[in-house]
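Got some structures for you, see below.
The two complexes that follow have chain A in common; it is paired with chain B in the first and with chain C in the second.
And now, the complex of A and B:
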């Protein structure tokens, strides 16, 4: 078993990552996560990354080994939807105490695993390591191994304590855990030439369900989605898929690549955000499946479906065009790919005045330039203060971003629409884009924005008076 | 028997026991001669139809579930707002028992109020003797500083003359000559509780300003820097008046709360029973004549009083129960204008916080459809706020709102894109509203406690804003005026929206995929 350190190195050395490949030997060793700046605000830790990547597996008991903080603050805070088990939404933690820190928490962990199995009988338990338990030297891998033997159920250690790095690294370590302990451990009842995996899709706000009907119509089966609305066994037998689509490029690239290596499952990187992207992704899926032996007619059936759906979606978007024409949009996205949304917004008549490229690859950036022109306003990670200044200066009509930027937008009096994980509307696929445009229209025309942008009426009067005086 | 001395079941549980269920079923089958179930269902469905609505709206005489109360109720409200004042209703005592219980159920406080207990002989020979005895008894029993007289229908029908009766009573020594006994005729067959409030308040001001029914010289107005504030008939008076006083103090403006029952309807539990507490002092009521201006928060509820004040040379700022940003802006700016005091930064900040809160929650109220009913001024204020929130007040109804009121609501609709599909219904009752909730369904209903039947029948979730609120406690303590008051209204609306959202998604294994922690 590789040590945590080796695993982290291995993850950093990701050959399928174009960014990584562009680096020298020395740089690569340093790793791909940016060094954190002490004192500066930063995002989530590796534990958080691992947890959010795996928590959408619905029927597993997710047991956090650590003090209350780690599970207490993050319990059930993502909108990953389930069509079946709700166990993933129950918060399990060993909630270790001072005495555990002194004497070690392994026994408590072992007992907790036993209790969770007795009470809930899940197909598997995922045990998450955290900073404190890692520091005091609890060997969760050993405990999980012992528990697996004793209880006869897969007890999976997720060794990504917060201090090893940032959220993105945690995503990848979670992927490693799946590769090491889960994928390939079970067999599906039947396989078809139309089985695919979708990797890096979390079914936030039920987005997977907007894509599934399209795949169903084409006769394509999602063998496993990693990890949105997934069951343990689906992930366990996902190695029998014929092809894979990797959705969120930077989070689970190691899973897609290693599954290609080990099980010959070709994959492509695609997105279900945006109309052209959804079409492109459907095409790619069909192409890969046909390459792998599916019947040729899948390609023409796919084209037919794309034509029908695109026509319907553009019509849907067009309905809002009159009210959206010329509106300026600022995009600040995390996981959702900027460029894939850009074209849909442009079709709605809107102008994109700037977009973040924090998690975008060079290829993504090229695409943005292609769509928005050479002088596209792109920016990397941003401090709230800079964001505030930028919002003030660029005079956009609306900002699309994750929840964390919401309050910056509001203070700068800018309409705002949530397009990240806590959102309540699903924006994936064809219907999703129409929904997005509809939501933008709603947000833009909410009367509070006129209110927000006006100073208190007495302040206007005062400034008018003083302006008049100055003149 | 399921009922036993060991474990006595209350009404929530008792009639769910099998023997009662059986008994009810038998009673229905053998004695009630019920229509067949299909016929019943058919009729129920029929009451939801457009055809039924049209018949319902063609009603000419019958009122079903009126959303208003009677004049003397408002008169008692107004009297209760003055220092040491005993509301005295000339007429039958049953009416007064109603007012007292009505207020107690809303404010969860006792309400001091007496009647002249007229009986049949009084109806025949006139109520003079009841007035003479009544004033004498209440004066010696309850030691008030002032007795404010109003009337029930009984006294009005036989045409008792309050002015003359009170004079005679004083001559007969019921109360001392100089004792203040303002009065107002408040027949329930005219107007509603807001009219009664208006008449009674007018009666008090007229008494002090115009020479106490000819017994003293009328006061001469000498303008000072003070501002009068009149809230109107207001179920939130406890919270509202305190909030308004705070706002006056933020400005540093000298003010008189004309009619302030906020202490009388919120006395502490400290071992002392207060028959009277707080209220506008009689001296202040008299001196209110000299104020620079008067602000009335509910113009329709203070029509006569406002006119009276204007006739005495004061400017009256007339508002319609302002709720929300725009409404409160107007109130605050008028306050600043009439006093010449700049709006304090603290108030500007409160405004910013309200706007921030609205923006934070904008998506959830935006586009939601509402039906609302209640007193006309309140309807104007809430309609304005809902439009501000991007909601559609599709149906606005008032039993005691007239055509002029309807035109004002329509003007609000016309000024907002969200008002395009909205309609106002003056002089309609809750049975009309029931039809409308079926034929023009909305997402939420705003109204008083009586709306719970509409909620049950039409499955339109009720947001309780109005008077009376009997089935939820302490709402009257939270202001709805000022920016912070608007915040309370916003939260009240949002709470219901989220409760409904949760209830809609809490089906275990069925809908709970959307039962979320974060909303």
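And now, the complex of A and C:
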């Protein structure tokens, strides 16, 4: 376990993470995962986080080493889309039994790897460690090493058992595994001065494909997306990119920073949510590429494209603006994207009456303040009860959140829109922003609200009926 | 009669099975004002929560003792204490339902002993029932967890009653019954002038209604008072083999005699049930159900044209498998590929050649020339690859609405099932074309030709060769 502990510490010492650097030595050791409160905790485990980060790699077999709980209770439940292989949606698990717990599960794991290779022939297998198998001391690193030698294919250990921490730690440990075992192990057939990596984008609902046409038009090639719609080999040769964009706040900052350190790939942190952010990100990509030797004209071509797309998007949004002006939004992302969504909604004329900053960094919070003003309502840990009250008292017109809290809104008969992992609509880039605004408009003005809010006639006419009876 | 096999793979591919703790958690969700809590790491609760939210499309109360690496090794006493106290302070539940996980079972936490200590230390918890079920992830499956939780609920709360409620019956429903099923069964029982208390009762808590106010715990379900008075009932009805242990437990603790019903789907099964109720109550069968029975007979007649001879691939937990599988076979279908999750005495009675305890990969391999696939939502990828129609039954059903309102019990539910099956086959009906039969003839011709050849080769002396 020593090496895992070291890795966890290493991740906590992330120099590019200002949140960690602001802490004292001792506090930092404790890491960015607060000790959870038993009986009042919510959220996924580190294993969950690692899987979220890596499962979008489509042609890899993702094998979960543990009892049925870890895979059986939640497989094929994410919206990451693939343009090709569907193997990533196949659930592989060692489903260990009581005997494995007593005698150790390493043999079963080894055999499982062989079965997966024989039946599905993937370019690589990712092996995920979980709580029980970590506790009984199964050494997945050793098993993977032996299997790699024996079968001649990369078998990658992802050592992020649930009990070491929360999802975001798992994201980072997943990144560490890529750095240690995958990135830099293959070479691309050709490289161009226009090759970039996009890090921390999972292609949920196909959002990457809302951006890719823009990049294609500019002649920019996504060498590797880590990890949305990625192939194993793309991640393996991603070290040949000229520049990188890191999406989704700090989830995979360790990957971006270490790739800069090791392979001189400069990166910036950006977002494809919202018009301004999308434009800014495109500009940054071009700027970095030109810095790295791409032709200067990329900059002006980018500006042209931005101008054209922004105009189009604004036209799109303006069609809804009148109906959205002044609408009050409660934004519970529970995640890291708060500020980029905030600016996106403001572009639609809406007012953000509150936002959660549970997992946001200080920098994120500053950005929110900048956007929403000093008296921004930021909630560190908003209880469902409070959300419920806020909606019931009509202090907000609509709630945007993840699937888990949707019923808080629906049960008070208030509009709700999914903006997390399992959403069905894609909201990235210019088209995505127009789509988001359209969806909000549709939700707000849906005919269902008037019907379900109306009380039953006998509830309001009780007095009349009883009066009639009395008469 | 079936041969029951277990697959011999090291690696499970596309799991059919889910784990015990969340089965137990669902049972706890059928108790009123309860907080189901998993004793384990936070991720286990999170996966369970997401699963139920997506299936029921309801707010799901579920907590965790939030174990991490260090306190797992030291033992979970402190975390359980904190969890119970925190839950009590925040939500004042009537019941806290605890289920262990693989992690804490591997360590071997003695939770019952912990609870005693915690109770001694916190007198304020006196009015809160705490039920604990031992449910390691690496043993059994979802329905086993539900079944164990039901036993533990009875152990913890049932007591003998001197006063009897003559019209009361306890009903112990298996995890395969939906809120709609429970409502239907209740209605049938009530038509005999009896009243039924379901233990547990997810029809109150997970039937998708809109409450007046916000509660962080379960809203609806069996109340503690109803649990404590189980001994006052005149009879107990257990539905599904998984409730057998709970029924015995209840009889042992309270003396209330039980009757098992292995299923309530199908004409015969419902006849037995209704007849039993009639005898128990001394009342005749209501006109409504006589009529429903006749409607079911008619539906079965209409449907049998389309269901007869169809080959079915089915993957489900034992009790659901038994209910659906038996009825399919009664409608003339052949259970060609049958996969389940865990042991049950029902498996060898299945009207199939083989029942395999396995996964969806096993089912897919066996389902190649089946006409219909029946399993939970995770069958969707397989159905696409096999190009056969797919009916979703069981938990989780996350890509269709109304899972809680799916009805397959009673005369009415069976009738709806018969129609759903027949309609699925009807929709697949392909119209004849001029070439529909050509291939068959060609096949026969080539078969005849090759047969002739082999005959010749074998004796070499027939007239056509000479």
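Note that the second predicted complex is superposed on the first by the 440 of 471 C-alpha atoms of A that agree within 3 Å, B and C clash if a C-alpha of one lies under 4 Å from a C-alpha of the other, contacts with A are read in each partner's own complex, and residues count from 1 in each chain.
Methods note: a residue touches a chain if its C-beta (ideal position, glycine included) is under 8 Å from a C-beta of that chain, and two chains touch if they have at least 3 such contacts.
Keep in mind it's a predicted model, so treat the numbers as computed, not measured.
Asker: Considering only the touch criterion stated at the top, classify A:197 as touching first (chain B), second (chain C), both, or neither.
Answerer: Touch status of A:197: no partner.
Asker: Mind working out whether A:108 is in touch with chain B, chain C, both or neither, as first, second, both or neither?
Answerer: second
Asker: Taking the superposition as given, does A:44 touch the first partner, chain B, the second, chain C, both, or neither?
Answerer: Once the two structures are laid over each other on A, A:44 reaches chain C alone.
Asker: Counting only touches as set out at the top, which of chain B and chain C does A:77 meet: first, second, both, neither?
Answerer: In the superposition, A:77 contacts both chain B and chain C.
Asker: With the two complexes superposed on chain A, say which partner A:286 touches: chain B (first), chain C (second), both, or neither.
Answerer: neither
Asker: Contact-wise, after the overlay, does A:86 reach chain B, chain C, both or neither (first, second, both, neither)?
Answerer: A:86 contacts both chain B and chain C.
Asker: If we overlay the two complexes on their shared chain A, which of chain B and chain C does A:456 touch? Say first, second, both or neither.
Answerer: Touch partner of A:456: chain B, not chain C.
Asker: See if chain A has more residues touched by chain B or by chain C, and give me that chain.
Answerer: C
Asker: Classify the contacts of A:278 with the two partner chains as first (chain B alone), second (chain C alone), both, or neither.
Answerer: neither
Asker: Could you look at A:446 and tell me whether it touches chain B, chain C, both or neither (first, second, both, neither)?
Answerer: In the superposition, A:446 contacts chain B only.
Asker: Do chain B and chain C land on any of the same chain A residues, and which?
Answerer: Residues common to the chain A contacts of chain C and of chain B are 75-77, 86, 411, 422, listed in rising order.
Asker: Tell me, which parts of chain A touch chain B in their complex?
Answerer: Interface residues on chain A, with respect to chain B: 75-77, 79, 81-83, 86, 206, 410-411, 422, 424, 442-443, 445-449, 451-452, 456-459.
Asker: Which of the residues in chain B end up touching chain A in this complex?
Answerer: Contacts found on chain B: 325, 329, 332-333, 336, 343, 348, 351-352, 355-356, 358-360, 362-363, 366-367, 387-390, 416-418, 509, 512-514, 516-519.
Asker: Contact residues on chain C for chain A in the complex?
Answerer: 9-15, 17-19, 21-22, 37, 40-51, 53-54, 57-59, 63-69, 72-73, 79-80, 82-87, 90, 101-103, 106-107, 136-139, 141, 210-211, 214, 216, 378, 381, 398
Asker: With touch defined as at the start, can you tell me which chain A residues reach chain C in the complex?
Answerer: Within the complex, chain A touches chain C at residues 1, 35-48, 63, 66-77, 86, 89-98, 100-101, 108-109, 111-116, 119, 131-132, 134-136, 161-166, 384-385, 388-389, 403-404, 407-408, 411, 413, 422.
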